[in-house]
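All remarks here apply to the structure that follows.
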Amino acid sequence: MSDNWGFIALFSLIALTVPIIGLLAAWLLRPHRPGPIKQTTYECGLETVGDTWLQFKVQYYLYALIFVLFDVETVFLYPWAVAYNKLGILALVEMFIFLAILAVGLAYAWRKGALEWV
Amino acid sequence: MSPLLLQQIAFMVLAAISLSGAWGVIRAHSVFVSALWLILSFVGVAGLYVMLEAGFLAVIQVLVYVGAISVLILFAIMLTEDVMGQAEPASQWPLAVLIVLPFFGMLAKAAFTADWQLSAGSVAPPEGASISAETAKLVTTAIPAEQGFRLPGQVVMLGRSLMTEHLLAFEVVAVVLLVALVGAIVIARD
Amino acid sequence: MPAIPVWWYLMVATGLFSIGLYATLTRRNAVNVLMGVELMLNAVNLNAVALWRYASPTVSATVDGQSVQLLSTLDGQVFAIFVIALAAAEAAVGLALIIAVYRSRRTVELEQLDMLQG
Amino acid sequence: MIAMHFLQASVGWIRGLIAGQLGLAADALWVDLAIWLISALVILGVVQVGMLYATWLERKFLGRIQDRLGPNRVGIFGLLQPFADMVKMLTKEDITPAQAHRGVFNLGAILVVPPAIVVFAVVPVGIGLIATDLSVGFLFFISVASTAIIPIFMAGWGSRNKFAIIGAMRAVAQIVSYEIPQVLSVVGVLLLAGTLSTQGLTLAQGNGGAGDAIGYPGLWFVLIQPIAFVIFLLATTAEIERTPFDIPEAESEIIAGYHTEYSGLKFGLFQLSQYFMTIASAAMASILFFGGWLAPLPFLQRIGPLDLGWFWMGAKTIFFVLVFMWFRGTWPRLRSDQLMGFAWKVLVPLSLANLLMTGLIGYVTQSSTNLSGQPLLILLFFAVANALLLMATLWLIGWWRKNSERPRIRFEQAAAGELPPAEVAA
Amino acid sequence: MLDLNVIGGYAWLIPGFTFAAFVVIMAIIATGGSGRLAARVAVAGILLSTLVSVPLLLAALGAEGGEHGGLAAEPFVATWWSWLPMGEGTLDFGALIDPLSAATAAMVGILCSAIFIYATAYMAGELEAYDDASGAVDPAVGNARYARFFAYVSLFATGMLGFVLASNLLQAMVFWEIMGLCSFLLIGFWYFKPSAAAAAKKAFLTTRIGDLFFFVGIMILFWMHGSVDYTTMLSHAGIGVLHDAAPLVLQFGPASLAIPMILLVGLMIFGGTVGKSAQFPLHVWLPDAMEGPTPVSALIHAATMVSAGVFLVARMYPAFAAATPDAPGSISGPMFVVAAIGAITALGAATIATTQFDIKRVLAYSTISQLGYMVAALGIGAYVAAVFHLITHAFFKALLFLGSGSVIHGVEHGMHHDHGHGHGHDHDAAASAPAGGYGAYAADPRDPQDMRNMGNLRERMPLTFWTYMAGTLALTGIPVWAGFWSKDEILAEAFHKGIQSQIVIAGFVWLLLTLAAFMTAFYMARQVFMTFFGPPASEGARHAPESAPAMVYPLVVLAIFATLLGFVGVPEGLPGLGPALGNPFHHFMGYLSTGAHFESLEFSWLPMLASVVVAALGWLVGWLIYGRDPAAVRAQDPLQRLGGAWKLLYDKYRLDELYGLVVRSDPRIHRESDASEADKPNAEQLGRLVALVDAFGTLNGQIDKLVVDGLVNLAGRAGEVFSRVNGWIDANVVDALVNLVAYVNGEISRGLKLLQTGRVQNYLLVVFFSLLILVGAFVM
């Protein structure tokens, strides 16, 4: 029952080797005949239309943005949750204030239509 | 192979990971690739946190930096990537080198020579270890423990200190996050 | 005493900081500059936590019977957490700005964004 | 599962055996390393086999749902089908498109697997049987799961394929949006459990667990936090991109999402990691809400010296995997705007409400002296609260359904020319 | 018997009554009332004033201090109206009653009454005046004009009385100006006659010059004493202040001229007198003032206004004699100038009078001469004699003017009698310069004022003749008559000081005055013989009726005064008469406000005899030339045989021409209206002068062309060269400098501009570079 992160390190190394070994095996076994046609980018078999770059809607960024800020919120939420039953009412009120402020953020995003996928 | 050496090796590996990640950010040709190197550096730093027995922080580092901020950066790159690849350094890069290297030298000298009043803090005992009454008082004054005193986990202590000593900062961060949210939305929304 | 002297961490942190600075100074793409800033912030965090671990005040306590010097404060970690939170907020707003600039100027090359030229 | 058992029963014994072999002290470093290696291999083995047979189970089960047999050619009941698939994967040619960014393309495929595997390090199987009991166990699970986003990005961008990029962006957007409800819903459980480590969570749900401190009979959290469980389940389904939320690489979409350009084993790796994550999520769901390796009834926990924890854990995990497959078999896919809307406009508010409710009730029951003694009364309180929350949920879902319909209805009205001009312009 | 303080309190009534009359008359004119009513109001006004001023004189005589000069030292002072608060003090109107003012006020009152009564008859002709435009007799115009005459005259009386009783110099100045205004209005009464208008303007302007000096004098005194009251100025202390005042230093470059304050003040005050009493330089306006109606001449230009100037010098006598406050008699400082001017005026005027043909001009010059007498007397310190002569002269000179007025009136009636000539003095040709005949100066047969048209008026106008003889005898200084006593007194003083105590100026004055006395006797005799004796030279003279009683009665009254008044001031030293009369006038008048006392001279026969002999001699010569054959004289004045000298005298020493040249009026101002015919110098005189000027001009031109132009050109060329050089320097050096500065600035800014690249990363470079230095400094 100790925080032996060492296992995590070892385990992640092993986990990293699994796909590598897999690919090596596949690399050995599979036929290897690259051809110009084969290597064109796949677009349902059609010729590629337009260059491969395109302009994305800013919507994606807004989702990521809100996700980041709420993610940080949870970072603060966890210590409180874990220490909840060891802290008094005061901590509860403080956390409610914290959540209220961020709820305002969510409401603003919602109201301003930042959450719409469109 | 003593545990000490193992730790040092582990440190070397993690340091190498983070520094090479940072180096990758500079050398990478495409902005996307430099972002990936950045992520690698973040993971390296998380590892270093683990070496410093700041487990919660390591996980937070991974969760926030790797899971959120790098996603944000990647999104931003995708949104603004106008030319794929090729990113040679800015025009005055030699001048920058002239400034950064001595800067590094000086900071390193300072780090090396400064008297940091090192304390003899030992490895933090695992959570749940039984502690004497007065220690409990010292460490977890606010936490009631009916059946004997157990050393609360680092996260619990962190929660307690966040809620008591650093309460103001805690609430202010909430406001900062709100402001950032609203601000970013206003700016980004076309 | 822990296996690794403290200045090793400080060295890594300084190295990270310098590389981050160099990235900020030389990378042409605005997003890259932000990455440099993130690197610098990481370096600061690493420094803080390292110094917390090695230089924060200790309290003598008996754990499992033996008396042990315990780290009495978690300020280093709290500092790091707050820095992480602010870095997230900063990144969010920074990238939003970059996107806004991109939308109006169609480029994020800092070399070209010199409207304020004298 | 059996290996788990074996390990748990005689950890001390094995340690002595290995030490003997290597002629080192029992607690020497190498002994630890050896044990770590063995446990890692055991986990890998179990998970790998589990993944294989999950594929088989899924095809069999979906077949059953769709009133067809599913694979039965290879081996009895198609049991050997997975191995056949594996052979196919290995032997298929692996094409890397010329335009693709070779490094990022290949690395993307490689990096998708490790997170899915590392996650299992914190899954407890028995009283002592956990690879590593991190004090921040659950949070470790969440953060490693969230690192799975990066390979998706690398695959999408690396393949330089317009549709791949779009697929990646939308997949990431979806995963990102559902991670918040997933995380927030669990906070309620953490409030009651008081610890982040998975082992602790499990014990908190058993008798005499840490949960007793606030005076309830060690029930499974699902009974106290039903809404939280529902939110967690839905969010996790979206995280692992299973059916109701698998727009990015759904069959009905034009292109197979971000791993369009992958072929051969690289494509296989994506599938592999998906199944790993499914099993891990199922395990986590059972740990959080269904008492992990705790038997439903105390007496079922042990048979003689043998602790059946691993059995119960296995059973629950398989049960949840089936639930996921059931979802895939029966639920229609959500439109992408509904998908995102559901996350932010329904799940997040609900999880916040649940969090507030739990906080309040928890405090009331725990602090008021007369209540702490009577677990039944506490249950009653929670039941009432949960009922209220249920009603709120239903109302919210109703509102969201009506609201999310609007775009389609509006489209038709516009076509029919009934919409007032102002509306058309919006 | 009369208490001065009581009467003094009513002193303000004296000018008050006449002013009230003036206001009433103006109202009458405004409402178009009758002229006769206005006349009656005017006469009433002056009579009332006299009824107050005479008792005032008596009260002054009887006043406690009157006997031994106390009144002079502590005169009765009353304040009527403080009209201007000023800093510490206030300027106010008030009365100062002392022997001088009481006597003069009484004299003015009596005289004005007589003249007003006389004027009501004399001006009757005005009533029938016709309006020039309509040509028909218009009573409204007549009434208005008649009333207007009396309004002016009343106002004049107010001015004179106010001036005499004034308690301070500023009040005196105000009334002095009122008199000036009235003289202008009255001289120009017949404003439709260009000569009258010109004469009025001339009078006004000339007296104005005098007034200027007078005003400056007042200002200096005010500056010195801080107040203009006589009591403060002329008290012993006041004189001390004047005596000790620092001299005025005029700085002309290195040379500086220090004028003692006494001389300066004295001369300034005397300037006013010269202007008002027509003394030598500014006397030219008096003869021309005869254009006004005769009562005006009598009132203003014989009795009162002209004597105001002498009164002023008498009033300010202590200031004049400030050099020797304790010995008033001694001559010093300004008195020397006064004496000289007075003597010169006396003789000069007398000589001119002998050549004049107009009866009123003769009298005008005679007045100037007599005023010269008084001024000369004051100049040599004969204060009592001067005042005595002032009073007596006023009476007999008014008598003579009124007499001449009655003569002219008669002759005029005589002419109307046969020619039906239009009324009003509308003769136009200038009497003094008739064209052709009698040589250049033939008489204009129709001029009622020219003596050559008179003759044998003795039988025609007996009363006028006898009263006129009384006046003449008084004027020429024949014993018994008033003139002798006052003139003799002055001559005695002059003789005493000049011959016995060897004071040069006094001697000079005595000599001139004695000659003047002879000339006076001569031209008065000439006048009497030409007008009253011999055959009548013209129809007018032949049919001249005696004047109306209203005119003759005043003549009789004045004649009585002229005869008897002398006995008031008979010197005590005279064996027979002296001790009997006791010379009350001297005792009354002989004191000054400074407390000084004039000793009465011990009597000596010599000066008295000398004056009598001279007077007799004058009559003898007059009789010899004009008495024996008046008719021949009327045809050709024997004096003309003197040729150039006579012409010079006749042309009044050509002073008018000189003034005309000197005070060239601005050509831009319309000239015709200004100079009257008489003033314009005749052509040939002008020619000679112009030629002279012309020569001088050409010479000047030559010099200018050679010398000045040369210099100018040289300067021009030098300037040009200098400016070209300057321009070059400016272009090359200065501009170059300026451009350099601009260039340097430009370069620096261009260099600095590079810093501002607009690229964020450059700024970061700068930031961290500085940070580097800081850290370096800190760490090393």
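Points worth noting:
Per-chain residue numbering starts at 1, and chain names A, B, C, D and E are given in the order in which the chains are listed.
Please note the rule applied: a contact is a pair of C-beta atoms (placed from the backbone, for glycine too) under 8 Å apart; a residue touches a chain by one contact, two chains touch by 3 or more.
It should be emphasised that the depicted structure is a prediction, and the values quoted were computed from it without experimental measurement.
Shared contact partners of subunit B and subunit C, listed by label: A, E. In this view the innermost chain, defined by its CA centroid being closest to the centroid of all protein CA atoms, is C. Top contact pair of chains, counted by C-beta pairs, is B-C. Using the mean of the Cα atoms as each chain's centre, the chain most removed from subunit E is D. Inter-chain centre distance (subunit C to subunit D, centres taken as mean C-alpha positions): 32 Å.
Chain centres here are Cα averages; for subunit D and subunit E they lie 136 Å apart.
Separation between the centroids of subunit C and subunit E, computed from CA atoms only, is 113 Å. Centre to centre, using the average C-alpha position, subunit B and subunit E are separated by 119 Å.
Of all residues in subunit D, those touching 2 or more other chains are 134-135, 139-140, 160, 165, 169, 172, 176, 179, 194-196, 213, listed in ascending order. With touch defined as above, residues shared between interfaces to two or more other chains in subunit C number as follows: 21, 25-26, 81, 84-85, 88-89, 91-92, 95-96, 99, 103, 110-111.
Counting partners per residue, subunit B has 3, 55-56, 60, 63-64, 67-69, 71-72, 75-76, 78-79, 82, 84, 90, 92, 96, 99-100, 103, 107, 126, 153-158, 162, 173, 177, 180-181, 184-185, 188, 190 as the residues that reach two or more other chains.
Pairs of chains that satisfy the touch definition comprise A-B, A-C, A-D, B-C, B-D, B-E, C-E. Taken in their complex, subunit B has these residues touching subunit E: 90, 92, 95-96, 99-100, 102-103, 106-107, 109-110. Partner subunit A is touched in their complex by these residues of subunit C: 81, 84-85, 88-89, 91-92, 95-96, 99, 103.
Of all residues in subunit D, only 32-33, 36-37, 39-41, 43-44, 89-100, 106, 109-110, 112-115, 117-118, 121, 131-135, 139-140, 159-163, 165-166, 169, 172-173, 176-177, 179-180, 183-184, 187, 190-191, 194-196, 199, 213-214, 254-255, 260-261, 264-266, 268-269, 336-337, 339-341, 344-345, 348-349, 352, 355-356, 359-360, 362-363, 366-367 touch subunit A in the complex they form. On subunit B, the positions that touch subunit D within their shared complex are 1-3, 6, 30, 32-33, 36, 39, 55-56, 59-60, 62-63, 66-68, 70-71, 74-75, 78, 84, 126-127, 146, 153-156.
Within the complex formed with subunit E, the subunit C residues making contact are 21, 24-26, 33, 110-111, 113-118.
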